Amino acid sequence: MAIRVTVWNEYLHEVELQEVADVYPKGIHGCIADFLKEAGMETRTATLREPEHGLSQEVLDQTDVLIWWGHMAHGEVEDEIVERVHKRILDGMGLIVLHSGHASKIFRKVCGTNSGYLKWREDGEKEILWVVDPGHPIVDGLDEKIVIPHEEMYGEHFNIPQPDELVFISWFEGGEVFRSGCCYHRGKGKVFYFRPGHEVFPIYHQPEIQKVIINAVKWAAPGNIPAVTYGNTQPVVEVKGEIKHTIGELHQQKQE
Amino acid sequence: MAIRVTVWNEYLHEVELQEVADVYPKGIHGCIADFLKEAGMETRTATLREPEHGLSQEVLDQTDVLIWWGHMAHGEVEDEIVERVHKRILDGMGLIVLHSGHASKIFRKVCGTNSGYLKWREDGEKEILWVVDPGHPIVDGLDEKIVIPHEEMYGEHFNIPQPDELVFISWFEGGEVFRSGCCYHRGKGKVFYFRPGHEVFPIYHQPEIQKVIINAVKWAAPGNIPAVTYGNTQPVVEVKGEIKHTIGELHQQKQE
Amino acid sequence: MAIRVTVWNEYLHEVELQEVADVYPKGIHGCIADFLKEAGMETRTATLREPEHGLSQEVLDQTDVLIWWGHMAHGEVEDEIVERVHKRILDGMGLIVLHSGHASKIFRKVCGTNSGYLKWREDGEKEILWVVDPGHPIVDGLDEKIVIPHEEMYGEHFNIPQPDELVFISWFEGGEVFRSGCCYHRGKGKVFYFRPGHEVFPIYHQPEIQKVIINAVKWAAPGNIPAVTYGNTQPVVEVKGEIKHTIGELHQQKQE
Amino acid sequence: MAIRVTVWNEYLHEVELQEVADVYPKGIHGCIADFLKEAGMETRTATLREPEHGLSQEVLDQTDVLIWWGHMAHGEVEDEIVERVHKRILDGMGLIVLHSGHASKIFRKVCGTNSGYLKWREDGEKEILWVVDPGHPIVDGLDEKIVIPHEEMYGEHFNIPQPDELVFISWFEGGEVFRSGCCYHRGKGKVFYFRPGHEVFPIYHQPEIQKVIINAVKWAAPGNIPAVTYGNTQPVVEVKGEIKHTIGELHQQKQE
């Protein structure tokens, strides 16, 4: 069965600026959805200005992996939608956060830090992504490095938790480095942050970048997840414990 | 210079229930502050019903390590205070979360998961905490296990991210296991979750438990942290990049 | 294309003891190879007493995942073969180490510790394996726990490095816990240690245990790994460095 | 009580080459021992050509942290001494491996990989080490980056396991990146790999580099480690297991 991917895009730059629309005529989401469809996935798109940002409960329930691109309007994403997306991740949905999505509400929530903090510079300098975990499924079929001729720089310190699996580290011409491919496990879901991307540089047209995103979707897609139970629970084996009153009972006695 | 510790306690059970007050006459916070003071730390306490829950900006600014105990009133903690505590952690303050504090707003925020989810049972059964990282500073001076005769059970799955360092795993009589001592790095701060604790069982009077908390305070206390810079930044070495217009410029041109 | 699995077994207990042969008439390796074949894998077996322990370079070169079971004769495995297996792992071959294989030369080499150290007891007590990473591919299609009615106990401290991904923690009737499902990345290869197993208890006939091993084979199988280069290398971008003499040149000058 | 540090150096370059002796008149070990002594540590040195390479059991037993520098003669280090050092690390001794020590027998053994594999180039290019874990004790009192004007390059892929804590990432002028500060826990001991260092460039005279090594010694020094027991063990709580014969008994019966 095909993996069901929803590509979310803020979709403001492309509408407002001809220079961006020239690079991504169907929007960044359209470009990404297209190459994922070609790779055999079942795709749909969603954008900020749609009702519920296009992320109704129904849409999320039918999504295996959500891709997130945002930049200038992180603050406009409703907290209620962020909670809904977060809950679906903990329940098994994969999340792939691209480039300036690092500062999105959902990625900050997943990180537990203010992942909006990093260094940046728009000088169109060279970026080289080096593979540091060559056996990882996300680098399947790649070369040992990816060269991007002109990019926006992101530099450390990047205020994220140490990744569960660090896959790429970037080099920038101006002297900075960056943890550019970062895997996290959160509840039953998997999250991948991937740094490259820009509105004017044609990053998502580059075949190696597409390959990484396709691999990441496969890695993040949920399988047949064990049914986990929570809450007050019976012992598996007999207990000879000793407790006169539970806290619940004590409070109840008091009220009576 | 002494480490400055603020011990925060919800402080409701002790006020409402004589059975709890009998175990902790000065409150759980009073008990913990006492043994930390004896260990050479500079301590103060704070509780839910104080203005700003006792956690004004000034108090937090003078706190190296914050200890957190809550159970029945997590929802009453103001979001604004949670944000304030979170910001201080990212800035270097240590946080030690005890027992039912796993479901607190601040720990859920730090985890990026709903760490409130776990199995539990109040049968007063035996708990054995096993050291799994014997070289870790938090187990300094301990035995290879800690036995607690009667405890509330917490069982896996515990909905937390894989700890950066896992220090203890608990065994429970009824058949469950639990990751009971979990270290996280978040920004410049360090966080330790420690499972044992209860309102009626005299856990925090047990010397080994006190030893763990003392060690954890020392581990979590900030040192002389590097000054990290964020934001738009000049290159360290010369860049020969190529960019006609930054996104900022494009938007500005459009507005003119 | 089918994953090519080689199941290695010491194969001494089964030959010497009728009680073991009764449980595993075709040897433990035969049992494991059978259920893997049924799951669609291409399997072969190899044992200690074969020439080169059945692990010639040719066999290893045609192996995607190697399964390792040994107990009483770890010391008889030739160092040269251990080196050969290790080199193949770093080059991408998966390794799955079962039960008493924890003390094998190859697993100790992979760990960088003396993973032979743990507690053990043969009392046939109950074991419960709890899933602690429910989104992991190795627990695909399982329940949240696996109960084994009668097992040999292994207890912490288990002298391994903290796993890159910890998947299972075991509970034992006698009061111990154990990290029972441990993932490691080593070079381009992936390694999984799985605790259950015994010569007399029919562990490898239990469907959930078979399911874990099948999942682990899929997880550990190499994909299309990037070609990584090592050694003295040309710069990717121009360097304006300053060095009068390399150490190599200095030594050469001296010899001339 | 002062931390007892043994600084081990191959000590061949300094003897053979005047250019190296000019930079390190007392050898690299002498330089390092000097600044550690000034920082309050109790230091001694040991070198390859001494009996047992200066690392007798007695010396190791009195060593809290061992510093390792080697380059051209890794193969001359006796396997027996490597085993002895490894055993002491698992037992709690800290190990700090510098620069070309990455290819030493002891670090390869600790890693479980062939950590000798990396890219390198002696072009005297600029290196910038960026702090990626600003709350880590090893970066205490530093700036957010360390600039080394002229260095030998080391580039990824560096064939090490993912560090338990990654502290520094290096940038090199020629386009490479490198994981330059890597922490590992092994048994009861702690290991830190630190990349900078060269025989001709005066790296170990640079104050920030000295600061890192001093911090690392403090981090790696053992505390009061729990006494861990291994082997056949009695249950902590009563077991109602069911086993007719242990494997040991079966083998014994057979022999009788």
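By written order: A, B, C and D. Residues from 1 in each chain.
Heads up, the rule we're going with is that a residue touches a chain if its C-beta (ideal position, glycine included) is under 8 Å from a C-beta of that chain, and two chains touch if they have at least 3 such contacts.
No experiment lies behind these values; they were computed from the predicted model shown.
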{"item": "Selected pair, greater C-beta contact count between B-C and B-D", "value": "B-D"}
{"item": "Label of the chain whose CA centroid is most distant from the centroid of chain D", "value": "A"}
{"item": "Centre-of-Cα separation between chain D and chain B, whole angstrom", "value": "31"}
{"item": "Centre distance in Å when chain A and chain B are each reduced to the mean of their C-alpha atoms", "value": "26"}
{"item": "Chain B-chain C separation of Cα centroids, rounded to whole Å", "value": "36"}
{"item": "Multi-chain contact residues (two or more partners), chain D", "value": "126, 128, 131, 133-134, 144, 155, 157, 162, 164-165, 173, 175-176, 185, 187, 228-229, 236-237"}
{"item": "Touch list for chain D against partner chain B, complex", "value": "92, 126, 128, 131, 133-137, 139-145, 147, 164-165, 173, 185, 187-190, 222-229, 236-237"}
{"item": "Touching residues on chain C, where the partner in the complex is chain D", "value": "13, 16-17, 19-20, 71, 87, 90, 109-114, 117-126, 150, 153, 155, 157, 159, 161-162, 164, 173-176, 184-187, 199-200, 228-243, 245-248, 250-251, 254"}
{"item": "Contact set on chain D toward chain A in their complex", "value": "128, 130-134, 144, 155-158, 162, 165-166, 169-172, 175-177, 179"}
